[in-house]
Amino acid sequence: MNPRLRWRKFVSNFMLTMTGCCALVAVSVLFFILGNLVYHGGSSINWNFFTKLPVPVGETGGGMANAIVGSAKLLLLATLFGVPIGFLGAIYIAEFSGSKIAFVVRYSADLLNGAPSIIIGIFAFSIAVHPFKHFSTLAGGFALGVMMIPITLRSTEGFLLDVPRTLREGAMALGASKWKTIVTVIVPAAYRGILTAILLAFARVAGETAPLIFTALGNSYWSHGLNEPTASLPVMIWNYAISAYDDWHRQAWAAGLVLLALILVINIVARAILSRGISVPRA
Amino acid sequence: MERHFEKDLNELKERLLWMGSLAERAVHQSVHAVLEADEQLAKRVLEEEDAINELQIEIDDRVVQLLALHQLMAVDLRLVLAVSRINNDLERIGDQAVNIAQSATRILRHPRVKPYVDLPRMSELAEEMVRNALNAVVRRDVDLATKVLATDDQVDHYRDQIFRELLTYMMGDSSVVFPAFELILVAKNLERIGDHATNIAEDVIYLVQGQDVRHPSVDRR
Amino acid sequence: MHASVRQAVSVNITPPVTTAVSRETAAPAELRMSISKVNFWYGPKQVLFDINLGITTSKVTALIGPSGCGKSTLLRTLDRMHETVRSARLEGQILLDGKNILDQDVTQLRRRVGMVFQRPNPFPKSIFENVAYGLRINGSKLPMAEAVEKSLRHAALWDEVKDQLHKSAYELSGGQQQRLCIARALAVEPEVLLLDEPCSALDPISTAKIEELLVQLKDLCTIVTVTHNMQQAARISDFTAFLLNGQIIEFSPTPQLFTKPGDPRTEAYITGRFG
């Protein structure tokens, strides 16, 4: 075998190994993180964790109940705010607008999506906190909602455009107005994709910390209603992790595990829904 | 599954059979006009000639339309082609009947040449051939059609017999030449009617079996 | 066919009762739709030139011609489906029962003029809901079950699906789906039914079933169909229009167009000597 051929073979094998290793690293990072969380935090996951409020340093038996409820409230608010805007906006650019407006909206959504979450937090602060002179759950929900908008909009738009033109024509030929067609045929045809889009947006903002620092802030106790600051899982993790207390460190690990587990489950469910098939078969 | 062109095919068959009935009647009436010296019958045959000719045109139009509009295959195609041929034979039968009727009007001006013996037998055979041929079409009966083919020889035989007999009469008595000659023409016309009935029978065999039985001497490979 | 033995003919025989011809040869009767001086553009490009055409009530009118001749475009103007394309522009007049369709509300128009498309396009719903769709969105107060059954019977599909009305429409075969689309269109009782190459995506047996269906549907509504299969036009239509490069070259009763066409271009097309 001549030297040139030998060299080529060596390069080929080297690259194969290198790329394989990188792929392996990419995959194993997830498992590494998961493993770390389970190792450090698994022991702290107990009934107290889910039901008790945080207790002062030195005492044991505290939990993160308020953070869990707080996160739930924040995410619910974010969904109620961000999803309808994203969804209806997607309907607009998919069905009604001309290509120029659609281009502008899409581009803006992509830029918004790429904006650092801390900037979103400052923005929400200036709108929802500063004028009212206090932090609140509402403001936190608003900040997270703003982040959900571009994800929901782009994904929904994609799934709406996937619905074949023939279905629209069929409905219109029966005398359905454009809006009726959208509501009775197009959205039902794309519902799986849209549901997935919402779940993925949800999972994405569930773990955001920076916006919440400026808006919901945090709370050691229960937060009542929507106008008070509230604790949330990501912020609690941050607070506890940079503290000096071991107990709090362990709780932070546990919270991290819970958060990641939640996000993973949502992701898996979302992809399962999508893989059950698009509602419209290829003809 | 019934196709809508079947209605058109059925109508085509009905028109053909109607034409057949008219042709059959024309033969019957024209022959009896001769045998019974009945001028009224002869007139009626001449009046009804138009109906037969109109039907020929109508049937041809229907055939063209069916072929152009419906891509007929197999038995449907053979049916339409058979109808087209039978159509022509029926019209010729009608023409022959008219000729016989015209002869009848001329014959009755003279006294009868001789008692009619062979002529009624021949005409009965010819009528039977036409009737059987048409029945074979209706029932798609190959056996009946074959029987018609076999009868043709007998009809030809009668024609020859009548020729010889009448020739003898004409040579013996020159006053009977006119009517005898017309009678020979009548016999000739009846023989032609038999030939056309034979053609119809051949068409039936083609329709049913897809076999072309014309001209057995022609080599088919 | 009576196969009885025929008697020796008596003098009096009665003629059978037959129709003169089973297709339209006389002058057109009432016109359900009439198209006059229609010109059509997609953007700067003109695709239909001075179209004048009358659609006779309760008859099947077929539009034939080579690809790109404008027959589908013309069909789609009849229920204003061309308006779904932004660059489309129409000039001229299209009347339905004497009134210009371009002046009417388009959703009302599309209840009176229905359309069936080339590829079956049932909705991702059950068979029942597909047929009921048109009725529901038009706010019909009729009892749905009866209306759905009636439409499915008219589309010759009832017997095949009567026990599975709740099943998804996508579980039907291609031919059944297309008949479902026909049933769906018929449910709103349109006066005119437009069919754009309804059989081109189907196998020969499904095609035959739908052709027979269309011949029977004439009594219910006026039918206009586009087909690239001119034999199909010959088989089922009463009137045929031949289009070429956006113009109507010839429009005649079908028997006449296919046996004695007036224009040499028509003859070249139907004898397959085109191109």
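Miscellaneous remarks
We call the chains A, B and C, going by the order they appear; numbering starts again at 1 in every chain.
One rule holds in what follows: contacts are C-beta pairs under 8 Å (C-beta built on N, C-alpha and C of every residue); 3 or more make two chains touch, one makes a residue touch a chain.
The shown structure was predicted, so the numbers you read here are calculated from the model rather than taken from an experiment.
Seen from the C-alpha centroid of chain A, the farthest chain centroid is that of B.
Chain C has the C-alpha centroid lying closest to the overall centroid of all protein C-alpha atoms shown. Centre to centre, using the average C-alpha position, chain A and chain C are separated by 51 Å.
Taking the mean of the C-alpha atoms as each chain's centre, chain A and chain B sit 94 Å apart.
Chain B and chain C have centres, each the mean of its CA atoms, that are 46 Å apart.
Residue ranges on chain C touching chain B, taken from their complex, read 1-6, 8-9, 11, 13, 15-16, 18-19, 21-23, 208-209, 212, 215, 231, 234-236, 254-255, 258-259. Those residues of chain A that touch chain C in the shared complex are 98, 164, 166-177, 180, 184-185, 188-189, 279-281, 283. Residues of chain B touching chain C in their complex: 1-5, 7-8, 10-11, 13-15, 17-18, 21-22, 24-25, 28-29, 62, 64-65, 68-71, 127, 131, 134-135, 138-139. The touching residues of chain C, when paired with chain A in their complex, are 79, 81, 84, 86, 107-111, 114-115, 117, 119-125, 133-134, 137-138, 170, 181, 184-185, 188, 201.
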